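Residue numbering begins at 1 within each chain, and the chains themselves are lettered A, B, C and D in the order written.
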Amino acid sequence: MSEVATVAVGWGVTAVAVASYALWVLLRGRTIGQELDIGGSSSMLSDKDSTTDQ
Amino acid sequence: MLPEALLIARKDLKIEMRSKVALGQVAPLALLILVIFAFALDANSMLLKLGAGGLFWISALYGGTMLVQRSFDLESEDGNFDALRMSNIDPSAIFLGKTLALFVQIGILELVIGPAILILYETQVSDWLLLLLAAVAGTLAFAVCGVLWGVMASGLRVRTTLLPLLLVPVLSPVLLAGSRAFETALGVRAGDGWTWTGLMFVIASLHTAVGLGAFGFLLEEG
Amino acid sequence: MSIVVDFRDVVAVAGSFPVLTGVDVRIDAGELVLLSGANGAGKTSLLRACAGLQPVSAGSAEVLGYDLRVDRRAPRRYIGLLGHENCLYRDLRVREHIEFRASVAGLKMSDASDSLARVGLDDRLWSAPVAALSAGQRRKLAIASIIVSRPRLWLLDEPHAALDSEGRLTMNSIMEEVASLGATVVFASHDKELSEQLASRVITMSNGRLTEDSGAS
Amino acid sequence: MTSAKGRSVKMTATPFTRALGFLALAAVAVMALLGLVVSPPDVVQGEAVRMLYLHVPAIWIAYGSFAVTSVSSLLFLRRGKRREDKGRHYDRLGGAAAEVGVLFTGVTLITGMLWGKVTWGTYWQWDARLTTTVLLFVTYLGYLALRRLPADPVVRGRRAAIMALISFINVPIVHYSVDWWRTLHQKASLSVGRRPEITGEMYWTLLYSAVAVTFVAVWLVTHRYRVIRLEEIRDEEMLTALISQRVSQDLPPVSDGDFDE
């Protein structure tokens, strides 16, 4: 693998890992919030949804 | 506290004497692992001789983990943990007693695999005192950590899988130090086996300190 | 008379299930109390809460003057608990077992042999391994192990279970005897006939709380 | 849609964390720009040096998170006993920080291995730091496994806190022994890829990246903390419901003459 490709893979994997964790935390929060019949506002998720691109 | 600890240790050892799990089941398995290593390394006597120290500790780790499991399974059986909790024995004494019993049992296991390694892998001992002290230090550290994590995992449904996951990372420095010290004692590598042995004693003492302090908590919550 | 068990609005949770949902009970020294109720009514949990084994999550709970919410261990040395399980090491012999329990309680072996005779275990069983005993004999050995420690509060969960009719009568006479000596006995049983004539007070539980109390003060 | 006003404790997003989230996103975008485009390639390592800006902040964050876990575990054990809520906020913080710590330890390992491949020519070296890090990773994975087991929350918290403290005293032991093992062993082979000279733009980029990643980590820990809190509220509400359900079943007492078993 070339140096540039390696760097790209490293940054890419990191971005995906951190973003999926963030998304998982948000979704879990929203799911439980809805179960409790609170929170769950769509704005809460759409704000943070953009985190996916890190 | 000490007499109570001896009471617990004697009870555990008596149970082992009757059931012979360490000698009858775990030791043969550990021996088998020594043979399997020879298969894996294609009976290359040079490699086996070089790796003897490490292979000893790996098979001791494997067998010892089973003994830890066993030591706490017999307390979870038939509600014996409740009896221990109700008995008003100082939890630190229970900790010391179980550690002592485990030390003896793992020691017995090592007395079986040690000579087997000398014979099967054609190793020679160049420093008996170092070998002995390193074995004592490593076994002590093993027993202390084993009791600490054993009680934490005991009573959980997933204990058979959880215990090794928790125990092995903690014991990795012991495995490392034990292997290096044994390599010096077996004369396959010049090195400071005594310092490694000292490190194992340090590990054992640190965990003993934690165990004496925390065992009450852990026993209560188990 | 001194109050041995003083529970006010006690809630206890096992896992995520509320096993006690607000228990209010006071038990005096020397009482012989029968806990009655269907399976799952909370009898075992109440006994374990008294022993400090089941944590209490709400309300106030005192046993023998010790606040369980501060220290669950403190009263244990005065308590004898017989659970569903017998707390026996299968690989020990009867003699070794009773020796172990006696020395853990800080007592001599002579006390231990008396207690074995008291529950009606034959001398000849002394060297038998625990694993070889019948269910009833194991129960008797468990009871003997409790007698050895001479508790002030006896918490017995189904003491009659697995015993033959003679053993049940012996069990009853033991409970009567210790209560007459001033100890407190709380026991759960499904054997209505044997229990109700014995008990000085009957407490009925349902859904984790008391529904009837013949001796409510 | 319920208003968030006055119930903010039950929400995982508040105006503050929302702002923090945007700040973190912006900071990461700038970090990518600086690290991948603006900063120059290293004289020795060339483009590969760009891994530095991820790898090094990640391990800093991981160490920081585990330090937070250790401190909050200690506080939980020492201060928690007498408090009405048993100090469970310390437990939550410890759990949230450990999870983020494991995530960033994983990032460190992956970026480190990739970086090693291009500079040392191999994914794995039995280098002291790599070995220590992988043991750290497994240790805290075990911690998270222990936390996930069902138990009374306070009991589980105490058990986890004790494990966190033991793990913490183990970190220097592991580090020291592995370090010593390697220095005794192969003195020469480690100097394969020379460390880059960190000066000027690279230095500032690294420092900036550390700040940006810290924002991300703080955001993650805060949200995870709140989700744990939500999980607890849900469990408590289920419990309350169960209690009232059991209490309402009370009458009439069906149990009196029940003799089965």
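As a working rule, contacts are C-beta pairs under 8 Å (C-beta built on N, C-alpha and C of every residue); 3 or more make two chains touch, one makes a residue touch a chain.
Because the structure is a prediction, the values reported are computed rather than measured.
Participant: If I average the CA coordinates per chain, which chain comes out farthest from chain D?
Facilitator: Result for max centroid distance from chain D is chain C.
Participant: Pick out whichever of the two, B-C or A-D, is joined by more C-beta pairs in contact.
Facilitator: A-D
Participant: Just the number, please: Cα centre separation of chain A and chain D in whole Å.
Facilitator: 16
Participant: For chain B and chain C, what's the span in angstrom between their mean Cα positions?
Facilitator: That gives a centre separation of 37 Å.
Participant: Using mean CA coordinates as chain centres, what's the gap between chain C and chain D in Å?
Facilitator: Computed value for the inter-centroid distance: 46 Å.
Participant: For chain D, which residues are shared contacts with two or more other chains?
Facilitator: 151-152, 155
Participant: Could you list each pair of chains that touch one another?
Facilitator: Chains touch in the following pairs: A-D, B-C, B-D, C-D.
Participant: Help me check something: in the complex, which residues belonging to chain D touch chain B?
Facilitator: Per the stated touch rule, the residues are 77, 135, 138-139, 141-142, 145-146, 149, 151-152, 155-156, 158-159, 162-163, 165-167, 169-170, 173-174, 176-178, 181, 184.
Participant: With touch defined as at the start, can you tell me which chain D residues reach chain C in the complex?
Facilitator: 150-152, 154-155, 235, 238-239, 242-243, 246-247, 249-251, 253-261
Participant: For a test of understanding, state which residues of chain D touch chain A in their complex under the given definition.
Facilitator: Spelled out, the residues of chain D in touch with chain A are 1-2, 4, 7, 10-13, 18, 21, 24-25, 28, 32, 36, 45-48, 50-51, 54-55, 58, 103, 106-107, 110-111, 114-115, 117-118, 216, 219-220, 223-224, 226-227, 230-231, 233-234, 237.
Participant: What does chain B use to touch chain D in their complex?
Facilitator: Within the complex, chain B touches chain D at residues 148, 152, 156, 158, 162, 165-166, 168-170, 172-173, 176-177, 180, 191-192, 199, 202-203, 206-207, 210, 214, 217-218, 221.
Participant: Where on chain C is chain B touching in the complex?
Facilitator: 51, 53, 72-73, 76-77, 79-81, 83-92, 96, 100-101, 103-105, 129, 145
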